[in-house]
Each structure stands twice: as structure tokens, then as C-alpha cells.
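The letters A, B, C, D, E, F, G and H name the chains in turn, as written, and every chain counts its residues from 1.
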Amino acid sequence: MNDLHARLDLQRRERLGMVEAVWGEHKTTEQIVEVLKKLEVAGELALVTRVAPEKAEELKSSFEMAEFHSQARCITVGKPAELKPSLGEVVVLTGGMSDLVVASEAELALRWHGVKVELLLDVGVAGLHRLLHKLERLKRTKVLIACAGMEGALPTVLAGLVPQPVIGVPVSVGYGVSALGRTALEGMLASCAPGLVVVNIDNGYGAAMAALRILKA
Amino acid sequence: MNDLHARLDLQRRERLGMVEAVWGEHKTTEQIVEVLKKLEVAGELALVTRVAPEKAEELKSSFEMAEFHSQARCITVGKPAELKPSLGEVVVLTGGMSDLVVASEAELALRWHGVKVELLLDVGVAGLHRLLHKLERLKRTKVLIACAGMEGALPTVLAGLVPQPVIGVPVSVGYGVSALGRTALEGMLASCAPGLVVVNIDNGYGAAMAALRILKA
Amino acid sequence: MNDLHARLDLQRRERLGMVEAVWGEHKTTEQIVEVLKKLEVAGELALVTRVAPEKAEELKSSFEMAEFHSQARCITVGKPAELKPSLGEVVVLTGGMSDLVVASEAELALRWHGVKVELLLDVGVAGLHRLLHKLERLKRTKVLIACAGMEGALPTVLAGLVPQPVIGVPVSVGYGVSALGRTALEGMLASCAPGLVVVNIDNGYGAAMAALRILKA
Amino acid sequence: MNDLHARLDLQRRERLGMVEAVWGEHKTTEQIVEVLKKLEVAGELALVTRVAPEKAEELKSSFEMAEFHSQARCITVGKPAELKPSLGEVVVLTGGMSDLVVASEAELALRWHGVKVELLLDVGVAGLHRLLHKLERLKRTKVLIACAGMEGALPTVLAGLVPQPVIGVPVSVGYGVSALGRTALEGMLASCAPGLVVVNIDNGYGAAMAALRILKA
Amino acid sequence: MNDLHARLDLQRRERLGMVEAVWGEHKTTEQIVEVLKKLEVAGELALVTRVAPEKAEELKSSFEMAEFHSQARCITVGKPAELKPSLGEVVVLTGGMSDLVVASEAELALRWHGVKVELLLDVGVAGLHRLLHKLERLKRTKVLIACAGMEGALPTVLAGLVPQPVIGVPVSVGYGVSALGRTALEGMLASCAPGLVVVNIDNGYGAAMAALRILKA
Amino acid sequence: MNDLHARLDLQRRERLGMVEAVWGEHKTTEQIVEVLKKLEVAGELALVTRVAPEKAEELKSSFEMAEFHSQARCITVGKPAELKPSLGEVVVLTGGMSDLVVASEAELALRWHGVKVELLLDVGVAGLHRLLHKLERLKRTKVLIACAGMEGALPTVLAGLVPQPVIGVPVSVGYGVSALGRTALEGMLASCAPGLVVVNIDNGYGAAMAALRILKA
Amino acid sequence: MNDLHARLDLQRRERLGMVEAVWGEHKTTEQIVEVLKKLEVAGELALVTRVAPEKAEELKSSFEMAEFHSQARCITVGKPAELKPSLGEVVVLTGGMSDLVVASEAELALRWHGVKVELLLDVGVAGLHRLLHKLERLKRTKVLIACAGMEGALPTVLAGLVPQPVIGVPVSVGYGVSALGRTALEGMLASCAPGLVVVNIDNGYGAAMAALRILKA
Amino acid sequence: MNDLHARLDLQRRERLGMVEAVWGEHKTTEQIVEVLKKLEVAGELALVTRVAPEKAEELKSSFEMAEFHSQARCITVGKPAELKPSLGEVVVLTGGMSDLVVASEAELALRWHGVKVELLLDVGVAGLHRLLHKLERLKRTKVLIACAGMEGALPTVLAGLVPQPVIGVPVSVGYGVSALGRTALEGMLASCAPGLVVVNIDNGYGAAMAALRILKA
């Protein structure tokens, strides 16, 4: 009587040009498998984000087409879209090594939509020369995604140096006042650099979809 | 001995392609006039944001080239840049009438950089038909800026309906839990719509500069 | 000397027309069993909410009349009240699959009091067509309970579309700013839709009892 | 070119059965007058909430049909709907004298929709006998709206005593931890009384519309 | 070279009349044993609060004179002080069963100082009759300690009914807005009942020492 | 029809032994005068707290028996109760000059109930010798009320030095993190000194009533 | 009977080597004059911080030896200490013009203690070249005080570039999430630059005294 | 193609005079080993902070030159720098035993840079005599680091007693309002003692680097 099954938004690809993504964190393995099977039947690609390694093991044993990307904590089903160089390139930067999971989620999500994307790690503002040395390279990119935890100053400094769209992604690393990513988030929102935009803490996937919207605009 | 005078970032136009903007709220009239005079000498346009009507009166009396835009609470000096239709068009939407000041700040800042821009007011989600009736029009726009206070759901609903870049601007109208714009801000960051980006509360100027970065990307 | 035993509010059914409910989360298995035995002696039904699966196993082994409803994380003792169709029907909606536990708690609590109730899952506002397709069905319901995490916009959109009582239940799913359900809660409280009421985060049982009060009013 | 005029939701009365209400606090006098004139042309009643006395004076001088209700800080245009006794009665309670403005807003909004409504002031829980003396009267009411600031315990105590729908309205009176109404709000949400529902701080109008939805359900 | 050993405040008993208490939660078993041995050498009683059952087992195996009080999560060494009836009696009340640990900590700490003390459980305000039935008994007590989680209204209602000192202890039970005891704490601080005093969340020991100060005043 | 008049709790003096106190901040002059007249008719004393000087002027002109105590921002009607030396003495301490209003409110409220009370100003912990010089005097007092803003350490240091009841009153002076008194409040609650109790920010009256309850216990 | 007069900490100069400073914001003009007269009698210098211009006027008319420094919002009495070049030099930097008041308070406080100090304004990180151009100059300074509002990234970038002590002073300029200086404060505390220390929001005086402690160490 | 390897800031020692430190908490064992190997190749010392014992075991088994300091939860590689007595001495104080981990991190980091450093434990303000007895010793130190949890009053009291630089380190021990170290942090920032500086919660390493900057200034 009750309709307890997942109501997929299969029009999303048509309406927004995006692959159906499943947020894996608060779902049971059974719920995720059910969704993936429906997507497979519908001939859709799938991207499942925020999957812990243990859950990934369970998923792969019940649905063997699932592929786990451990660095990005994501599951995919199907092959990534063909590369579309005409869309332009995205660079994903991180302040430190601890931001790698979030940056990898963004990188994978873009690659899955056929976008050329590069990762540039460990260019935090406490050692500014590391960023300044890459500046000419960065000025040739179409969109920049900057992931940073702690005080989150990287996107601010970056957006003061280059004219392109910069998307800040606060990362929940740190301790004390920075433990949950709030400080990085608010630092990016309060930024004195004009035109910096921000997504939710740890939301690599969201930053990737924002970049995709921009590349297609 | 001390160098107390404003250190203008006159390279900003060259570096970022943006007019020098002065944040007027916490500066004295004297400080603003000093900056405007320097910009005039340098042959630069100027945009002063967040100017209360009383301060605007004072400013105009000491610096008569200043023009006050009361709806946007902004002062400009000089003429806006020539319209560049090739950049594409921006629409600035609001949930209610009370979001008008913020939306007007965004609209003025874009117009001042030569961007074609239109305002669309009062399309909040409590009366959804008002937004749905405009959907075809909105799908033909290059970038959307959605200003909303209270629960701030407009950008979420919009970004679920159209594939373009959507920039959410939380507005500090409301009372109780929504009094300072925090709830609208966090609702936009937590949005279930993929790829929505956000700027600081009431930051119409920042949303405009983000749109400009996108249009030029 | 000290009176350490549970002081049941056995007059609750008479005073408020509600089954004695036990909040299971912060109680030991021993405390819950003691309460259930007293209720059994008194000839009362019992509903224990927020019971983790492990605790449920322990409970069932010490008190075999206990029945565990895993989807709702609830224990019941005794049979549900007879269905009273004259009270009218309630629909419990969710924005996503991750809201299922909370919605099921509400559904179970209503069914246990003899109320006709239906679940409608996955009608979140990022894919608005899913909700709009069900609108005529929803307009024929007496009370609506809308469960949503993240930005929590579903109850706002719903209350702008239908004239019935809408009870919003914020759900603690999400991450970053939405991790604990605060953003959904405050978004519902700040809602621009007139007459939306709200209960505590994850409080499916409370929403059900509010609906029951309304049905009996 | 830009469409800067208020986009009224004139279908609201038809869709939701509610009079168009205008939130007066963050609007200019000119904006409110424009809306009121449109409503007059459309033959609609109007209720403007959160109007300071000074703004009310200005409004009445530009739009003489406006009537100011000083105790509720509201402006109305037109006559209230005819009393519909069949809907049932609402009682609006307050913990203290300082909650009067909020309670009066609720009372006026209900009266304007033809609902029988009574105010009962100063029955806070620090002198419990005042509430207990009125209990039999309250049990004969269809819906109760309880306004309270400070610790906000009144709705909790009330909902433990009577079986009807109780709508809690936190009020922003108090100082220190209770200054902005947050403590009262969270106390009502955290309430140990089953089925209490809550609206935003100071939202007397919202509580009234919730009561109206219930009366019509 | 460094002096890493615990610097006991052995003058505390003389200065404040209180047994040396050790806060056990963030200390290692080794640190606690070291302190207890020093106290034993000094001929002092000891009370260790907030000891998890596992740590208690370890402690008892390395220091066999330690006695664990599981309901209060406390370790004691030595016998309690002789009962001093002339000090007067304290009653410790709780709103619900889940407040038992905190109330027991208060009760144990008082008993250890020779104070006559009684526990009265489950008299929360959602079923007010349970408290009203005990009123005459409570009026004969010298000091009242009221422990409550969720909205924390019990101390407010109590302090409105009796003239004695009432010490409110907020308890970290609940979920959503009440999860960490903040709402109960702030509700007690914001209380409309005159002269209610409050201690930190879950601080049963602190409430007991406050009562002891009062009894000796 | 509606009963809009103040419902005085005239049994308070009998029930709790306290003078009826009126919280003046959020009440209009008319509301306060109405209450004072009723109290006068009933032959009761009255104490109105938190009255700004301007409102005090208005009050005195409509109700000439009102006496304004400017340092405490309070209005009284009638003479204070006769001094009852047997109750014992209270000392009210402050960390700095800026805490004077709150300390004076406490001192006045106690004096009005016949309690012997003394003020001791400017003994903050940044110049510890000022407090240590008064220690012998303080040890002869029955109850201590310590008012402090900023980091609020005075009650902690005091409660570590003397065995009597110490009531901490956080004061909303300071700036930045201490602006609203929150930091002082939480510092007092988190205190490492055993048995310190706390009232709401700026609540001098509440501290006085707590002291009165203790003196009478 | 009560000792209501200011208890000056006249030993502070001897104990800490600091001039007696009076925090002017929450004191009445009368209280400040009383203190200044006592200090004059004692032959002490005085520095009064956070004095609004109107209050400064009043002060100067009752105590004509007072000198007002409008840019720093401070009053001084007496001449500054003789310059002690051997202590070394301090530079006070600001991110923007709006930080001038706070920076000037620091500069004045240092100058009053005989410290050589220089102001360097408008070197915020959104235009990084302005800071990099001054780097050699800054490396020759003994202590750096960096004042910044909004996201507060200046001290982080600075402390990554130079080895000296850097004291961050968050400034309460900005709007939305940065309105009260919290974001700048937490960004400085969460900084990825090692060894950055922080004082309270707007606390220019405190930063100066920290620098003085360092210079004398 | 992507450059996923750690980008060490090997110029840090030259630029800032500090050993490369690795924040170990959010890094995998593999990431840390990779960094340590690079540092070894570069001939650099290394200090890894915030390493849990389990991770330390793993690290030592893959990189046997790693030495684990369990009390400070740190890993070091290489020998500490030679002692430089001319820099002057630092004392690290704690309020209680539970602050030991944080104090030890500070002590180790200083020792590793060749600084003479001493630990002084358990001198919290609730038993003030313990601190006062050490005062003469403390006055002979060059820099003081004071670690404290709960209300965090130790650095305030200390900075009121001695003229040297005092660095406050809030510690995340406590429960209720002090659970996460926020209260200690804000108490130190709001301190009434002039010139106290603060670092992030639990940031012993940061305090040590601040002390190092001061010693070298």
C-alpha cells in the first residue's frame, strides 16, 4: 500500500544535464543497491558519493558492476562520459594533504561528465610561494575549485590573483575552532576578494556541478 | 611619518577586470571622499556600496560628481561601461519585495561593467506559480542570481529547474530565527539542488562580480 | 528508602488520549523492560521509540512480547488500536530516502492509535515535478506531515500549495551546515508559507501526536 | 524595462483560504501603500503585520482607508470576515504582559478570518494556580495558542494538561540568554509534552494561520 | 626535572569543608590511581566522578580499595562521613528516568559528606499531578536539587511552588535541539521563577557541593 | 470580553516570601502604572527592575509614589521591609566599575526584603591583591554574590577561597567575544571551583532572591 | 557604608610595567572623571580607551587636562613616556581603511609606553602585491600587529612570510557572517601559519600590551 | 598527470626558523610516511603532532626511525636541536592533570628547537595557593605558556601577576558548556588581564612556535 521505493529523478539528466548522483552517507547498503539497479535498468550512469570503505565492500559484493574510488570515497557504475575538451578545463587546488578526499570527489565528478580536470595539491597560503609559482598555469584555466580547511584563506588569495570563476570548498579538517569546517566556510563567505562563490563544507560534488554549469553556460 | 592614506588597488581593473569598488558602510564620509578623489585622478570609475541616504547626502555635497542610486544604496562616479551584449545576460530574481535593495546592488554593479541585466521581483516559493510562469524566459539567460531571505528556498527550487549557473544571495530580512539572514544562508548551502553556489548575506555586489567572472570565463 | 522506580503517567491515555510512549534512546534495557512490565500489568499498550537494533534484540530476549519495527526503530507491545476511518487520513511525505526512519516512526505511531496513514517518499523540491504530480491526491488528505533534511524546503513548498495543516519534521541527515538538522529546522520556522508548524528534529513521534490532536479536535 | 512592482499572490485566498498578508517590517511606506492599492483594486482584504506606530501614521496619511491596531502593531484594510461559529473557537494565552503584542497579532489575524477567539493573559508557570484555575474553560476550546518568552514553559505545561492542538509561539522578551526568544523556541521544540507544535519567534500571524488550517481541516 | 605528578589540593577539606573530588572522565586509569594513592597516604576520603564502567573495572583491579557506584558512575575510597541530621535534608528530583545518573551523582556526593538526602524520580512537568502530589513533602526539605533534560521546565515550576533554595541541574538527554543539554540549561537560566540557581550540564556533583555550602551557611 | 488586564500573582508573597517584582524592560509605562496601582490597592510593596531613566521620569509623573533608584535602574513603591539582622548578611562583589548597575539591583532587592547587605566594588582577578586583602571580611558573611563581566573569573577564584554559598552573576559588559555576557556566564558554569551556582546574565534581582531563599532555609 | 568608589590598581605599573588603562565604553562620564582625578592625584599617566566623540566632549569639559585622540577614540592624561629605542620597533598593519580605529588604539597605547611604532594601512590579501612590496621593511621589525576584519587572512599570510612574533587583531567590520568580527577571530585562531597569536576582537590596546610584554622579555 | 604528492614547504626552516611539522590527525599512515621519507631525504628534522597510539604503532612499523612520545601524542624523526640557553627559558603551566597532553606537545616542540623548557602541572585557580607559591620562580622565566580547560582562568590570573609574555592555550577538557574548549578559549580572549595572547584550542604546538618567535625576536 505504501510506496516505499526510491523515486528516481530520471529527468535530471535531461533537465539539468547531470548524471544522477546518490548521496551514500545516510543510506543503507540495501537502499543504494536498489537505486543502482533501477538506474542500470534505465540505462543511466550513476555516481554514489560519501561511501565509507566498509560500505563499498558490501556494495561491490551485492552489485558487482560497482567500482569504488577509494581516494574520493565514491562508487561509480558505468563508464565516464567521453572527454569534451571544448568545454574547457578545471583545476582543483587544495591547501593541504588532508583536503584530498574532497578534492578527489570534485575531480571524479567532473571527469565523469567528460570535463578535463587537474588536481594541484598542497598550495596553502602559509607557504605562499607554492601558489605564486603556479600562477601562470592557473590563469590559463577556465574554472578554479579551491578546497581548504583550517582558516580557509586559499580561495580568497587565489580570487585576488586571477580573474576567472573561483569556487571555494571549505573542508572539515582541523581542530578546536576549525574542527567542523565552519571557520573555513565563513572565512570564504566573508572574503575580501570580489566574486568568490562558496558551496557547503566538504561538498566536492557540488563544486563540480557548479563548475559544470559554468562550463556549459 | 605614518602612512595613513588609502592604498588603492589600482591594478585591480587590469588584474581582475573589475572596477574599483569601495565598501562604504564602515568608512567615514571623509575617507570615502579621499578615495573617490584618488580614483578620479587615476581616471578610474568608482562604485561605493552600502551607503545610507544621510551619508550619500554628505558625500554629494563634498564631491559633486557622485551620483546616488537610492534603491541600491550605492554611489557611482563616472559613466557605466558600454553595454557588451556578447557577454550574455543575467537575471536577478527576488523572493519578496524586501529583497529589493540587495538585488538592486547586484543589478547596478553588473550594469556598471557593461552587462545586460534584468530584475524579476516577488517570485518566492510560497506562491510557486509565479516562478513557474517565468521558466521559459529564465532558461534563455546565461547566469541567474537569486536573492531570498527567510528560509531562502528560491535558489534551491530554481537550481532544480534550470541547468544554468545559479548564484544564491541570502538576504537579512525576516525576524526570529531568520532575522540576520543566517537561515537563508545555511539553507542555500545545504541545498539538495546540485551545483548551487552562494555568497555572503546581502552581498549583491559579490554575486554580480561572480556572475561577471562567469560571463568572461 | 529512595523511590527509584519509574513513575508511569498512566493517566496519560485518559487525559490526552494517547498511548504511553517510552523514549528508548537514553534508557538502559533494564529500565525499558521494567516500564514495559508495568504497562503490561496495567493493561496498557506501549510504544518505545528510538531503539537501536542491538538494544531491540536484548529487549526481545528479556520481554518476548516486544515487537521490533526495524524501519521505524520502534518497539511495540500489544496490538494497534482498531482503525478509526472517521478521524480522517494523514499522509507522511519525505524529501529523500534518508528521511525514512523518521517518517516511519510517525507512520507507526499514528497507526498504533488507529489512524489511517500513508507514506509518500522521495518528493524533494530539487525535482519539483515529483511533488506536483501528487498534488490532487494530497489535497484530499486531512493532515500532512512533511519530513525533510538538508535545507528542509519541502514543507514550505507544500504549505504554499495546499490549505490543510502541514507539520514539518526536520531530519538530521546531511553534512556540513546541515549535519545535525538545524538548518532544516530553522528553514521551516523561517518559512514564507503561512501557517506551517514544526516539531523537534527527527521527532516523528511528536509530529504524529500533533496530527492526532488535530484529527480529534 | 525591469518589472519592479509587487507581484501579489492574488490566488492565495482561493488556493489556501487566507487573506493576503503583507509583512510590514522591512518594507518602506511606499512599498506598502503600493501593495494596499493593488489589493483594493482587486477587491481583497489586507492585513499588514509588524508595523511600527510611526510607520502606521505615515501609512494612514497616504492611504486613509488603513486602520491601525496599535496593540497588535497591525494595519488592516476592509472589514473582517463574518464570524463563522461553526469553525470552533481559539484561545490565545500568554505567560506575561510582555507577550501581549504577539498574542494580539494572532487574535487579530484570526478575527479577520471570521474565527471566534479569546485572549487569556498572564498565566505563566511561575504562578501555576493561575493556569490551573482556567483549565476547565480551556478544555472546551478547539485550538490553543500559547505565547511565552523567557524559558517558554507555558505551552509544555499546557500540552501536558489538555488533549487539544497546542501551538507554541516563542516571544522575544527577556534578557541575557532569553533576549531574542531562542531559549523559549528551543524549550518548546524540546518539550517533553507529546504533540506540541511550534512556529517562529514572535510569529503570532503564523500561529493564527496554523490554527485556521486546523479549524478548516 | 619536570614535576609531572599531581599537585593535590589537600587543603581543600580544611578551606572549603569538602572531600577531595577527582574528575575521572579525561584522566587515564594510571593518573587516577596515582591520585587515589596519594589521598590514601594523606588519610583523605576520595570521590571520583564520571567513571565509565570499563575504567572502573581497571581501577578496582589496580586499587582494590576502590568502590564503584554504577548508578552514579562514581568511585569512592573510604567510608562516607557520619550522618549529620542537624544540617538538614536535601531532596534530589528528576524529570525522567534518563536523568538518573546525574541525580545519583548528586545524591552520592551529599551522602559522602554526611548529608541526609532522598531521590524522587520521574516527576516531570508533562504529567504535572506527579509533582503536585509530593508538594507538602517537598516544602519540609531544606534544599531542593532538580535535574531535568529536554526543555528543563521542572526547576522553574518547582521554584514557583516552594520558597526554599532550588538548584537546577540541566541534563544532556534528548535529541535534536535538546541533545546536549543546552536547551535545558538556558531554559533554567531564563526562568521566570525568582531565585532559581543553576550549575553546569550534568553537574550533579556541583549541585551537591552548592547544597552543602547552603546547609552549612 | 477579552481579559487584557494584568493578572497579578498576589499569592507570591505568601507562597514564596517575596515581594511582587515587575520586570520593567519590555513593558510600556501604561502597563507598569496599571500594575503598580493594583499592587497599591492590594497593600503590597512593589519593585520594578530594568527601568531606563526616561521611562522612570514618565512613571513618576503618572504615579507620584514611585521612587527611582538610578544606580540600580529600579523603581520602588512603599518602604523597604524592616531590617532582619537574624537572617545574616550578604556581600555583593563586582569585578569592575561597569558591573555596578547589576550589583546595585541585587543590593536594592535584598535591602527591600529586610536583608543586611554590603557592596564591595572593583575586586577583579587581574589585580588579585584587592580581593585577597578582603578575604577575612568575606569569610564572616553568610552568602556572597559575585558580579563579573568579561571572562567572569571572579566567582571561580572566590569560591575556591571561601566555604560559603557563592552566587555568580555574569554581566553583559565587554566587547568582542564578551559583548553580551555569554563568556562570563559560561566561564562561571564551567568553573573548576566546586559548588558555584549561577543565574542569568545581568540578573541581579534573581541572585538576590536566591540569596534570600538561602538565608531563610 | 558601602564603598562605591573605584578601587584603582595603582600597583599595576610597578607589577606589570603598564600604565593604568581605563576601559571607557561602559562607564559613565562621572565614573571616568572620578578615576582620572584619582590617577592625577597619584601622579600616574592615564589612558582611557573606547570613548565615543560625544563622551569625549563631556569629559574634556569636566576635566580639562584630558586630551582626545579621535582616530583612536582614546583619552589620555599626561605626556607619553620618553621614547625607548632600545626596546625595538613595532609595526601595526591593517587589511583595510575600516580597521583604522583599532590600529590607532594599538599605536597610541604603544607610543604612550615609549615604544617606537609605525602604522601601515591597506595591505589586505585581496591585493597581495601591496604586502609583498613591504616585506623587506617588515622583516626588520621586532613585533608585528596585524589588524583585519572580514575573513581576517592578513595575519596568516604575514606569519607565513616572516619569522617574528605576529599578533592578530580581529576587527568587527564587515556584514553578514563577518559582521561582528567572529569570522576574522576564528580564522586567525584556525590559521595554518605556525605561532600566530590572537587577542579579542577590536582589542588594539591588548595587542599593544602583548607587544610591550614581548619587547621587554 | 595529476600531481598528488605532498608539496613540502622545505623553505620553512630557512624562512621562519622552524622545523617542518606535520599535522597527523587527519592524514593516513601512508600520507605521513611519504612526508617523513621526503623530509629524511632532504636531511630535515620532523615533528608529527596529534598522532593516536594506534597510528603511532603503524607508523613505527613502516618507518622505523620514527620515535613516539606517548604523553605528547607526537612522532619525531631525528634528534632535537642542540640546547641554546641564550634564547631564554619557557615554563609551560597547566590548570589540571587533564591538560597534560597539550602541555607536553608544547614542551616537546620547544625542546626540539633547542629551547630550555619546564612543565609545571596542576596549578589551577580553584586552589590559588599552588600558583602563588611558584610566583618568584615564574617571574624569572622569559615566556609563559598556560594551558587550561573548563573556565580557563589560569592565564588571566597569571597575566595579572607577572609582566612577561603569557600565551594562553585553551584545552578541550570538561563537559557541558566546557566540553569542547570554547568556554576556556573565549574566557582567555575576554580576559581582563592586559596583553594576554591566545592560540587555538589544544594547540600546544602553536603556543610553542609563538614562544619561539618571541625568544628569537
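We adopt the following convention: a contact is a pair of C-beta atoms (placed from the backbone, for glycine too) under 8 Å apart; a residue touches a chain by one contact, two chains touch by 3 or more.
Quick caveat: nothing in here was measured; it's all calculated off a predicted structure.
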item	value
Any chain that touches subunit G and subunit A	B, H
Steps in the shortest chain-to-chain touch route ending at subunit G and beginning at subunit E	2
Most distant chain from subunit H, judged by the mean position of its C-alpha atoms	D
Identified repeat of the A-G interface (over half of residue pairs identical), from B-D, B-C or D-F	B-C
Subunit E and subunit H, separation of their C-alpha mean positions in angstrom	34
Geometric centre distance via CA averages, subunit D-subunit A, whole Å	44
Subunit B and subunit E: spacing of chain centres that average the CA atoms, whole Å	55
Multi-partner residues of subunit B (each touching 2 or more other chains)	96, 126-127, 160-161, 174, 176-178, 182, 185, 189-191, 194, 200-201
Pairs of chains, among all present, that meet the touch criterion	A-B, A-C, A-G, A-H, B-C, B-D, B-G, C-D, C-E, D-E, D-F, E-F, E-H, F-G, F-H, G-H
Footprint of subunit B on subunit D - complex, ascending	1-9, 11-12, 23, 25-27, 31, 35, 50, 170, 172, 180-182, 185, 200-203
Residues of subunit B defined as touching subunit D within the complex	96-98, 100, 107, 118-123, 126-127, 129-130, 149, 173-179
Of all residues in subunit F, those that touch subunit H in their complex	95-96, 124-128, 150-153, 156-157, 159-161, 174, 176-178, 182-184, 186-194
Sites on subunit H touched by subunit G in the complex	15-18, 21, 88, 142-143, 160-167, 185, 189-191, 194-201, 205-206, 208-217
